[in-house]
Each structure stands twice: as C-alpha cells, then as structure tokens.
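Next come two complexes, and both contain chain A; in the first it sits with chain B, in the second with chain C.
So, the complex of A and B:
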C-alpha cells in the first residue's frame, strides 16, 4: 500500500467535503441540509463571531462500493471541529434516520476537539445526544464506523463518541484520547505532560499507538483512497453484534487489565516494550505496512 | 464581527440551478456561498467578517471582482475569518467558476 506522493490525496489536509468525495462512490453523495438551506450558529452570532453555513459538519447519504451509506463529516478547520448545538443536532438527526432506514453503515468522519465551549451546555447536551444516538443506531443493527485522520483528531467528548462506535479506522496522523495534550499540561503542569513535544503527543495519542493497543480496528495510510478501501474491507467482514451485558463486562475486564499493566508508564515507548516490541524506538519511523506486520507478530 | 452589504453592477452570467460553496471558515480563510440573485445585472454581496474596520478594502476587492467577472444575477454570502484580500479575490473567482460549472 505504499504510495508515491503524486498519487496520494492526503486525508489530513483535505476538507470535510473533499474527504466525503474521496470516500464514497464518485458522484453518489447527496447532502442533507446543504449550506444554502441551513443556519449558522445563533450562539456564535451572540458572541459576535462569524459562523459557518453548515455549522462545521456535513451530513448526507451516498454509496460505498454500491452499498447505501450515511455519512457525517466534521470540518476540523472551523473552530477545531467542535460540537455546537446545530452541529450536534445534524449528527443526531442523521443517526436517528439510520435507525429508520437501515443503511449498510454510518461512516462518521471525526475531526474534533470535543464540545464547542462557546455554546457551553448546549454543546455538552449535543455530545451526550450523539452518544445515545450512536448506541441506538448500533442496537438497531447499523454499524457506525469512526474514521479518524484529521488535524484535530478525536478528543474530549468526541474521543468518547469514537470509542462508542462499532470500530475506529485511523491513520498515523490521527489522534484519539479524552483530554487533549494542552488541557493536561494546563491542569497538571508541564512535568506531567509537555504538549509542545509533538513526538511525545503522537507516541501517547497517535494512530500507531492506538492501533498497537487494539483501540482501533485498522491503521491506514493518510490517503483518501486508503480510508475508502479500509472502510470497504472492514464492512465486508463485519456484522454488528447485538448489545449484551456479557460483552460489556468482558470489555471492562480488558480495560482493568490494561490499567493494571500500563498505568505507571509515562510514554508510548515503555508501553510498546511491554507489549513485546523488540525495538520500540523504531516504531515512529515504520511505514504503515511494516507496523501492521509488527502488530501481527506480537504475542497476544 | 462586522456585517457589510455591497451591490455592484456586473455583466450577467449563466444562472445554474444549484448554489455553490467553497472555502472554510478557518483562520485566514473564508467560505463563499453563491446563489441566484434577483437582478440579472447586479451582484449582491453580504459579508460577515471577524476583522472590523476593513470596509473600504472589501469594497475595493468586491468592486474589482464584479467589474472583471460576469457575476450579474448572483447573491453572494461570505463568512470570513480574517482572509487577506488576495485570498478573497481567488476564492471569489473559484466560487463563481464552481457555481457556473466552469470548475470541477
């Protein structure tokens, strides 16, 4: 899957609309509430800030290898992809429609720092409604797949939402965590976490680390076509399981074991060594295929 | 934030069925929505910008665009987050080209 730079169309650098166009079958996308029909955020207007016509998220439906698919794509360049009231309502509406219409999947292109703080409680409520709507769609048998590879990653409430999805497909550039690096540094001090150390940030929250830890189902190249083929391949092999208490308990136990094994470590390098990676310091330099091979060779 | 309204005479252009959007409301960038307007020989522009006090610059940039492009019969809405005049000019040309079907 090595790609020359000329054939590569970076997911990281693309806008939400360009990601959708590269992801779905050509020309198949229809937008729900397009910019000319929707309203910018009234909360931002009250704060004297310019809004975006689509409030930073594009929703609609289309096809992926001919299968009917719903899509929500957050625009990370607009206010860090943060979730405001209208932004959240659009995503919730799409997920509820998925329960009714049962598409083959909802693809959720997450690129967000979490709640839009300008909208305070409305943003928090929006995030909690998204969480419920994701679980409702999954309970109705519709897989919800998170695709994470934008500049804002998936943080805060959107980090939780990503983990509530059926699976996460991530690129090396993607990041996934709860509190963002700057938040941790502000609250706990630079001794706890140096948010300016980009390499450290990626060793702790980045796509390769999340993939090695088993948090993400797939690691793909930073390329529109790679996300497209990754999503296609994942859906071909996936049947959404019925929710069960036993599977939640099993998952909880896995997380407890993980906390017990790694809680004292300060850096991804230490975790990778404990996972059985012979040369942890080489991990950041590996390309996607080599890293996938490395993970497949690890003791389980 | 500042809200600005302009109307300039402009050569009538083709009138497609669908609006066009380009750009993103990000730092140093803007989004432009082009829709059909109500007067064939006129380009109406509605701007919301985070940078106050640049009305004269906006008037010059939009006036130049209306004079050099067939933008008659359009209603253009802009959300701006501090784009420079050069970026605004390029985005306007891009948005009109996408609206009129000249760009893919």
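So, the complex of A and C:
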C-alpha cells in the first residue's frame, strides 16, 4: 500500500472538492446545492467577514467502485471547517435523504474544529442534529464512514460526530479529539498541554495513536488513492448492525477496562508500552504498513 | 436552587437519587408512574468516568425497566479539559453516552432534559441535547462560550458582539436564544411538578420521537435558513 512520495496526492493538502474527486469513481460526482444555487452565510456578512457560497461544505452523490454513495466534505480552508447554520443544515439534509434513499454508504470527509463561534448557537444545535441524523442513517442500515486526514482534524462536536459513525478511516496526519490542545493550554496551562509541542500533540490526538487504541478502524497513507481503497475495502467487509443493547454493553466494557488501565497516563508512549509495543518511541517513525503490522501483532 | 430543592419540587411524590462524582442517578415518582432521573450537578466538567456512569445507568434502565421515561438534569460547564482525558479519546466516551440515549429512544423510552444551571458545548451535546425535548430553568446559562472568550478567539471586538447579541439569537448566550433557535422547547419559570408532568405527557404522545428542531427554529424566527436548506437538499433532483 505504501507509495513513493512522488506518486502521492496528499489528502491533507487537497481541497474538499479535490478529495471527493480522488475518492469517488472518476466523473461520478454530482453536487447538491452547488455554489450557484446557494448563498453565503448572512451571519458572517453581519460581522463583515467573507463568506463562501458552499458555506464550507460540499455535499452530493456519486459512485465508489460502481456503488451509489452520498458524500459530505468539509473544507478546512474556510473558517476551519467549522459548522454554522447553512453548513450544518446541508449535512443534516443529506443524512436524512440517505435514510430515504439508502445509498451503499455516506462518506463523511470531516475536516473541522467543531462549532463556528460566529454562529455558535446555530452550530451547536446543528451538530446535535447531525449526531441524531448519523444515528438515524445507521439505524436505517446505511453505513456512515468518517474520513479524517485534513489540516483541521475532527475536533469539538465534530470529534463526537466522528465517533458516532460506523467507522473512522484516518491518516497519520489526521487528528481526532474533543478539545483542541490550544484550548487546554489556555485554560489549564502549558504544563497540562503544550500546544506548540507538535510531537506530543500527535502522540495524544494523532492518527497512529487513535488507530493503535482501536478508536479508528483503519490507518491509511496521506493519499487520495489510499483513502479510496481504504473506504472500498472497509465497505466490502461491513454490514451495518442494528443498534442493540448488547453491542453498547460490550462497548461500555471496553471503555471501562481502558479507563481503569490507562487513566493516569498522559502520553501516547505510556499507552503504547502498556498495549505491548516493545519500542514505543519508534512508533512516530514507522511508516503506515509497518505500523499496521505492529498493531496486528499486538496481544489482544 | 440546590439540587435537593429542584428534586423536591419536580418530584413531590418522592425521589431516591444518589450523587457521586457530580453524577446524578436514581428513581422518582410522578403521577404517570416511576421515572429514571440522571444527569450532572455542580457545573460538572464531563469526563470519561462521568460519561460512562451515565451510560451504564441508561443501559441498566433499558434492560431492567422497559419504557421507563428518562429525566435528565443538566448542569455542566462542558467537557473536562485535560491531556489524560484526551489521550483516551474523550469524544469517544461522549459519543458512547449519546449512543446510549439514542438506543433508549429507539427502545421506546421517552426522554426529556432540564437545564438546571449550566449547559455548555460538549457536555450539553452528549446527553441534554440528545433527549427527545430539552427544557431550561429561567436562570439557566446555556452557551457555547461567553462573549469575552468569543471576542478573544474570533478577534471581533467585545462591544460589537454585545451589540449584535442584543438582536441575534444565532450567537447570543442564553436559554432564550436556544428556545428561538429550536434547541430548547421551553423555559420553566421554576422547577415544578406540573410542568414536568405536562412535558412527560407531551414526550409520550410524541413517540416515536423525531428531531423537530429545524422546524421549531424556523417557526420561532431564530433559524431562518436551516430548515429550508435541509428540505432543499432532501428534495433536490438527482441528475444521474
């Protein structure tokens, strides 16, 4: 799966539209509410801030290996991919449509810091609506797959949304958490979390850590084609289960065990050692394939 | 108002509620039968242990008391801000809690939440906003962030935000804004058994509960765009 760097098309650096084009079958994507049929946020205009006609999220439908797919892609380059009124409503509408039309999956390309503060109340309620709509789509049998590898990661309410999806496919560059390190540093102090220590930030929130811990189903290279083949492979082996008490009980037990074992740790290095990684300090240096092999060899 | 006062007023027929680590769990009597009472107090910063305690109680209720209503009491200043909490994927535990509330709904448990003091961002998302309907006491603080912090992060003058907050429910903190936006059903002047009974009855009658917040936000003039956009997306013609 590893590619030479020159053949890669970085997911991290790509725009939302470029990610969709690289992800779906060539030429299969059609946008719903394209910029020409949409309007920028009046709430940003009221604050004299520039808007975007797509309000920072591209939604539509297309095909993945010929299967019908719905897709929502957040644009991290616009307002940090944050969720405002229009942005959120587009995603909610798409997920509700998926309940009716039952595509093979909804691919959710998350690249967002969470709520757009300039529209804070609209953003928070929209994220709550997205949470319920994700669970409704899944209960209707439609898998919702989160793809995380953009510059804004999946933070705040969008971190919660990502974990409500059927699975998360993440790259090493992807980050997944609730509060951003900057927020923690501001409130709790630099001793608690030094947001400028990039290596530490990745050991706490980065794709490799989340994959080793089992919070993300797949780790892929930072490459459009790798996300495409990862999503294809995941969907081929996945049937969306009905929500059940048994599955949530099982999840509850996993989370309890993990909290009991690791609650005092403050660095990925400590968790990886406890997971059975012989040389935890080597983890940040491993390429994707070596890390996947390492995880598959860990005691369960 | 203390938690005990709130419980006494909501459940004059009796309640047996335990508080541990700021997490409320227990049972109470209403004219419509027993209800499960759960939530947080003391402006709790929700962490893994709290989220898992709430999730455990919901799963027990689903298993042992089919159909019993869930009454969430919300007092949270948001999520715990710490590196060790993030290391273990705090968003994952909050999502798990939200999934448990959602399962209860699907299994026929009506639910409502009452913001008793504070409801802030992630803590509010994980259970209060997952209930069929959310309500708030009149003096409750509901927000993503206060305006001073918002001014600092957005680099927009605090005076400008205060000025806009006076007319825009889109970002003005406060329960009243959330009512206009459709996120909170109504504000209660005080904790009252009558209002609770009426809300429980409404929740039962609305089953199976669907998410009506977009329409509410439109009808109340708070979110004038979202409902129309979601509709347009749902009904747009597919060309291919």
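The rule is simple: the second predicted complex is superposed on the first by the 300 of 300 C-alpha atoms of A that agree within 3 Å, B and C clash if a C-alpha of one lies under 4 Å from a C-alpha of the other, contacts with A are read in each partner's own complex, and residues count from 1 in each chain.
Quick note on the criterion: contacts are C-beta pairs under 8 Å (C-beta built on N, C-alpha and C of every residue); 3 or more make two chains touch, one makes a residue touch a chain.
It should be emphasised that the depicted structure is a prediction, and the values quoted were computed from it without experimental measurement.
Enquirer: For A:15 in the superposed arrangement: first (chain B), second (chain C), both or neither?
Expert: First partner only.
Enquirer: Spot which of chain B and chain C makes contact with more residues of chain A, would you?
Expert: C
Enquirer: Could you look at A:210 and tell me whether it touches chain B, chain C, both or neither (first, second, both, neither)?
Expert: second
Enquirer: Between chain B and chain C, whom does A:252 touch in the aligned arrangement: first, second, both, or neither?
Expert: second
Enquirer: So, A:52: does it touch chain B (first), chain C (second), both, or neither?
Expert: first
Enquirer: Report for A:26: first if it touches chain B alone, second if chain C alone, otherwise both or neither.
Expert: Neither: A:26 stays clear of chain B and chain C.
Enquirer: Quick check for you: in the superposed arrangement, does A:40 touch first (chain B), second (chain C), both or neither?
Expert: After superposing on A, A:40 lies in contact with chain B but is clear of chain C.
Enquirer: Kindly classify A:78 by the partners it touches after superposition: chain B alone (first), chain C alone (second), both, or neither?
Expert: Once the two structures are laid over each other on A, A:78 reaches chain B alone.
Enquirer: Chain A residues touched by both chain B and chain C?
Expert: none
Enquirer: With touch defined as at the start, can you tell me which chain A residues reach chain B in the complex?
Expert: For this pair, the touching residues of chain A are 15, 17, 34-36, 40, 45, 48-53, 75, 77-79.
Enquirer: Where on chain A is chain C touching in the complex?
Expert: Its residues touching chain C are 28, 30, 32-33, 42-43, 46-47, 59, 61, 85-86, 88-90, 92-94, 96-97, 100, 115, 117-129, 131-133, 135-136, 139, 154, 156-157, 159-164, 176-179, 181, 183-184, 187-188, 192-193, 204-205, 209-210, 213, 215, 243-245, 248-249, 251-252, 255-256, 258-259, 262-268, 271.
Enquirer: For chain B, which residues count as touching chain A in their complex?
Expert: Checking each residue of chain B against chain A gives 1, 19, 21, 24-26, 29, 31, 33, 35, 48-50, 77, 79-81.
Enquirer: Flag every residue of chain C that touches chain A in the complex, lowest number first.
Expert: Chain C residues touching chain A: 48-49, 52, 55-56, 59, 62-63, 79, 81-96, 98-100, 102-103, 106-107, 121-122, 124-126, 129-130, 143-145, 150, 153-154, 156, 160, 164, 168-173, 177-178, 181-183, 211, 213-214, 217, 222-223, 225-227, 229-234, 236, 238-240.
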